[in-house]
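See structure below.
Just so it is clear, A, B and C label the chains in written order, and each chain counts residues from 1 on its own.
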Amino acid sequence: MEGITTNYNTKETLIRLFGENRPEELPAMARLREQAMEAFVQNGFPHTKLEKWRNTDLSRSLNHAFIFPLEPASDGTEPEDIFRCDVPGFNTHMVSLLNGRVIDQGNTLPQAAEGVIVCSMAEAFEKYKDLIERHYAKYAGFGDNAMIALNTAFARDGVFIFIPDNVEVSRIVQTVNLIHSTEPVFVQPRNLVIMGRNSSLRLVMCDDSVDNNVGFINSVSEFVLAENARLDHYKLQNKNDHSALINNSAFHLEAGANLSTSAISLNGGLIRNETRVLLNGRSSHADVLGAYLMDRHQHIDNQVFIDHAVSDCTSNELFKGILDDSASGVFNGHILVRKDAQRTNAYQNNKNILISDKAVIDTKPFLEIYADDVKCSHGATVGQLDAEAMFYLRSRGISASNARMLLMYAFVAEIVNRISIPELRERIDDLVKKRLRGELSVCDQCVLHCNSREQKIAFDIDMSKI
Amino acid sequence: MENDPNNILDEVTSGEYKYGFYTDIEMETAPKGLSEDTIRFISAKKNEPEWLLEFRLNAYRKWLSMTEPTWAHLHHPPINYQDIIYYAAPKKKKELASLDEVDPELIETFNKLGISLEEQKRLSGVAVDAVIDSVSVKTTFSETLEKQGIIFCSFSEAVQKVPELVKQYLGTVVPSDDNYFAALNSAVFSDGSFCYIPKGVRCPIELSTYFRINAANTGQFERTLIIGDEGSYVSYMEGCTAPMRDENQLHAAIVEIIALKDAEVKYSTVQNWYPGNKKGEGGIYNFVTKRGICKGNNSKISWTQVETGSAITWKYPSVVLMGDNTVGEFYSVAVTNNYQQADTGTKMIHLGRNTKSTIISKGISAGQSNNSYRGLVKMTKRALNSRNFSQCDSLLLGDKCGAHTFPYIKTENQSSIVEHEATTSKISDDQLFYCNQRGISTESAIGLIVNGYAREVLKQLPMEFAVEAQKLLAISLEGSVG
Amino acid sequence: MLSIKNLRASINGKEILRGINLEIRPGEVHAIMGPNGTGKSTLASVIAGRDIFEIEEGEIIFRGKNLLEMPVEDRASEGIFLSFQYPVEIPGVSITNFMRTAVNEQRKYHGLDPMPANEFLAKMEEKKRMLDIHAKLANRSVNEGFSGGEKKKNEIFQLAMLEPALAILDETDSGLDIDALKVVANGVNKLRRPDNAFLVITHYQRLLDYIVPDIVHVLFDGRIVRSGGKELAMELEEKGYEWIRAEA
């Protein structure tokens, strides 16, 4: 099948690069790369004739004379020089990536002594071969996914996290993925998170632009949660309008494991989050949440596949978004309840508000069910702000524009309020407010950009009374 | 234990097809296979005008360049289009003036189906245009209808009687290259019904047609065209039962509905083609394109379907809401049992302002079957202040079947509202126990609960049909006639 | 009429009924009282034939027939009626249709032809009038969207329609305000006849002010620990279940 062709022969360049840059590594890894490259060569970049890509067109995002940094940058740029994350009270263990490579900032995690590992993938490839061999590329299959295949062929670095059995990581781990380049840059970070039995982790992954240059990120993250592990995961996406972000996350849950993952997309030229959750052990549970606020010509695409492979699992999926100007949104939820996955409880919902006649939303909440003792429901709505609530607010003297903002804020708050890290929740809350006022789009710092708490003015109303 | 759910399900899902018999009528058939010659044969046989032959040949050429769609949640062996007879007609004896002149064997067939023409005619005041295989045999009540200017006849007859009307509307809702099966139908359609309701006329009776497949290796390619002129109203019913067959039979029909300004067309179907036996052998492959267009302002098209038959159902009765303030409705009950597969739903394409659509779909799966709802709701930029509400529920009887929901929603304006809800459930043990405790057997209880579950849709059917539909649900799931 | 001997029943290996003995004769009203979780509702369910319970031992003879060998619907046709504590909703099934199916299936069990539609509708009207039920039941779905009181009234209405020999009222008073309770109790009283019997299961004595029992049993820990006249109910109300617990 033919993929997208660009003016700059991106695919051919990648094929050439692959041949010229073979890292020294184990034969198994080299074979994996070759297989992945073959899959990519065969399929090419996904195009809109494919059912899953019908409404997301990569051709414009790919049409740049990209550079493909495979080795660490040598210009000595320090992340602190270009970026500062300053959430009040948000004390995290931070790992920064610059153009896809981890920058060693010399900080160590307090619980390293207990066997917790947080390091670069490059380091893990060298030092933790057993873990890599057991888990790497085992959860994010590339057979039917050309972007994962491409990432697997080229992956050099990213974040590696390992948590031994029974260890609860107390400090929040935060990764900040920065793009900084004067030329259009194409990077492919690869992350792997391995969680032992009864372990727990809070992980915040931020994707940010620090300038207005073109960037294409093709990121793949794999997460494996052993029995009763708990992962609280956040993706915060705040990219410039010239950037494209393809984000594949694969979660593998064993019995009793508990996942909560939220994708908060505030800005970005083109964002596609593909989330696959495999509920592979009984009584595992996944919350998959998302909020998106897009305007101008931005495009957001959330693809969620939840695979109920065994009985007694529960999943809960809720995505809410507001689209303004000529922004476009896609939601494709797919719940699969396999035969014998009895007593499954799955819920799926996608709610959208369009506030411009040029904005477009495509939503497909799919259910595929092969077991009978299940409780599955799904819903999708597209609409505008509640006219009655608008009238109510205005009858209390609130201006129409403030009333609109209030209601939009309340709409998104359902997701934001479920963020369980208080500092992060407050911060995101502020950002949503700013975003709704159109302030964030001029901001050039990270999604957590800020120095002081927001002055509460327009939002000092108890929403529960509406 | 007698209440073992598996036993009960086996029992209630083991109903044999009731209408399995075969009528021997001398056939006049086209040779097997499809070519331009076959099409010329059909066209000549029907004494068609040149433009219609061209329409067919055009469709055929387009069909040759197309491929069978694969996106539906259906699996079947490849269809050999050269192994099908594309034309079969009961041998014409002479023009029939009254029922007495109809082939007694034919009357017998209808009687077994419980649709005796005389009975229908005398008791229910329903005009019946009965179709056996491809040619319409008898039309009743035509005089009554003619007085009001209503044209209700076989498609072939319409081609002779009102060619300009046929030419004006044929293929305007379902273009001949709309999809693979539509192209096939456009090339080889044999017969079907034609209906025209003039301006301002409310059709006083329910119009009804019964389709049957009656000969081995005969594909059925019905073509139905319904035109509601300005301010008119008609309720049209189509019902199908088919005799038992070993070979799979292809059915690719097209129904086109045009509703002009202020017109309302209600189309109801009870579909009970032969579903194959319990092992999944045989049965009809039903690939149907049904579409209506609300062309004029304030017009309304409503589809109601009860689908219990066919080995494979591929069917999406749709409405294009072109005029302002137009209304589209889709009410569906689809039952699958044994190895049946259904991929059915609707498309509501909102083009006009203040347009409204409602989708109520109730899927019931039993045995090893797969039942999918697939629907598209599209709000275009122009369709300001439009609304859709969709409710798509699935009921599973047993743990070997599948129930799937594939809604597609696309919205391009901010003033429209789309709401989609769906649930999946099974009959709870509590419900069964409650019914049992009142003395109701499990088999009856399942019938009762399933009919209750489908009530929202069944109540949309005209009275005469509602009864038949309830019976069909019972036959499909209970193994006994209600 | 009903004779239960040494009935032991369990669920998931846990024994709930641990040797129940009970005799009910025609014309009698029996009350079973006891604290929560002692097996009152289990006893009702086992008589009706709910198959989630395992019968370990004992017998239930009803008008000379062994109930334990019969499926649920046959027990119903033999004349056992259970008024449910939590009546289940059956969406889309109208009460008329539901009752007609039940009446006719029970008639079929006894070799009778179905009841003609007009006769059936007349009977529905008659029973509604008798029970002071004014709501338009006919077109509503069984229990769907009913309030707690409506559900219980509907149970009594069905009791009136089916005219069973033995009616078991399982916590019929729970969740009822005093007016609804009166309607339900009056209904039951109107339905009392020399040839039928009632088994009233309740936690509180309140209901027994309106449906006066002939015999009161106290169920505790899966056994009937005391039986007596209606004064036993008063005594219980006064002293509380702690009194029984201490004795047991």
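Assume contacts are C-beta pairs under 8 Å (C-beta built on N, C-alpha and C of every residue); 3 or more make two chains touch, one makes a residue touch a chain.
All of these numbers come straight from a predicted model, not from anything done at the bench.
Without chain B, contacts among the remaining chains split them into A | C. Taking B-C and A-B together, the pair of chains sharing more C-beta contacts is A-B. Mean C-alpha positions place chain A and chain C at a centre distance of 57 Å. We define each chain's centre as the mean of its Cα atoms; on that basis chain B and chain C are separated by 48 Å. Averaging Cα coordinates per chain places chain A and chain B 45 Å apart. Contact residues of chain C toward chain B in the complex are 48-52, 71-73, 75-77, 80-82, 84, 87-88, 90-94, 97-99, 101-102, 105-106, 109, 141-142, 158, 162.
Against chain C, the residues of chain B that register as touching in their complex are 1-3, 428-431, 433-442, 444, 448-449, 451-456.
If you check the complex, the residues on chain B that touch chain A are 71, 73, 379, 381, 384, 394, 396-426. On chain A, the positions that touch chain B within their shared complex are 51, 339-340, 342, 352, 354-357, 359-384.
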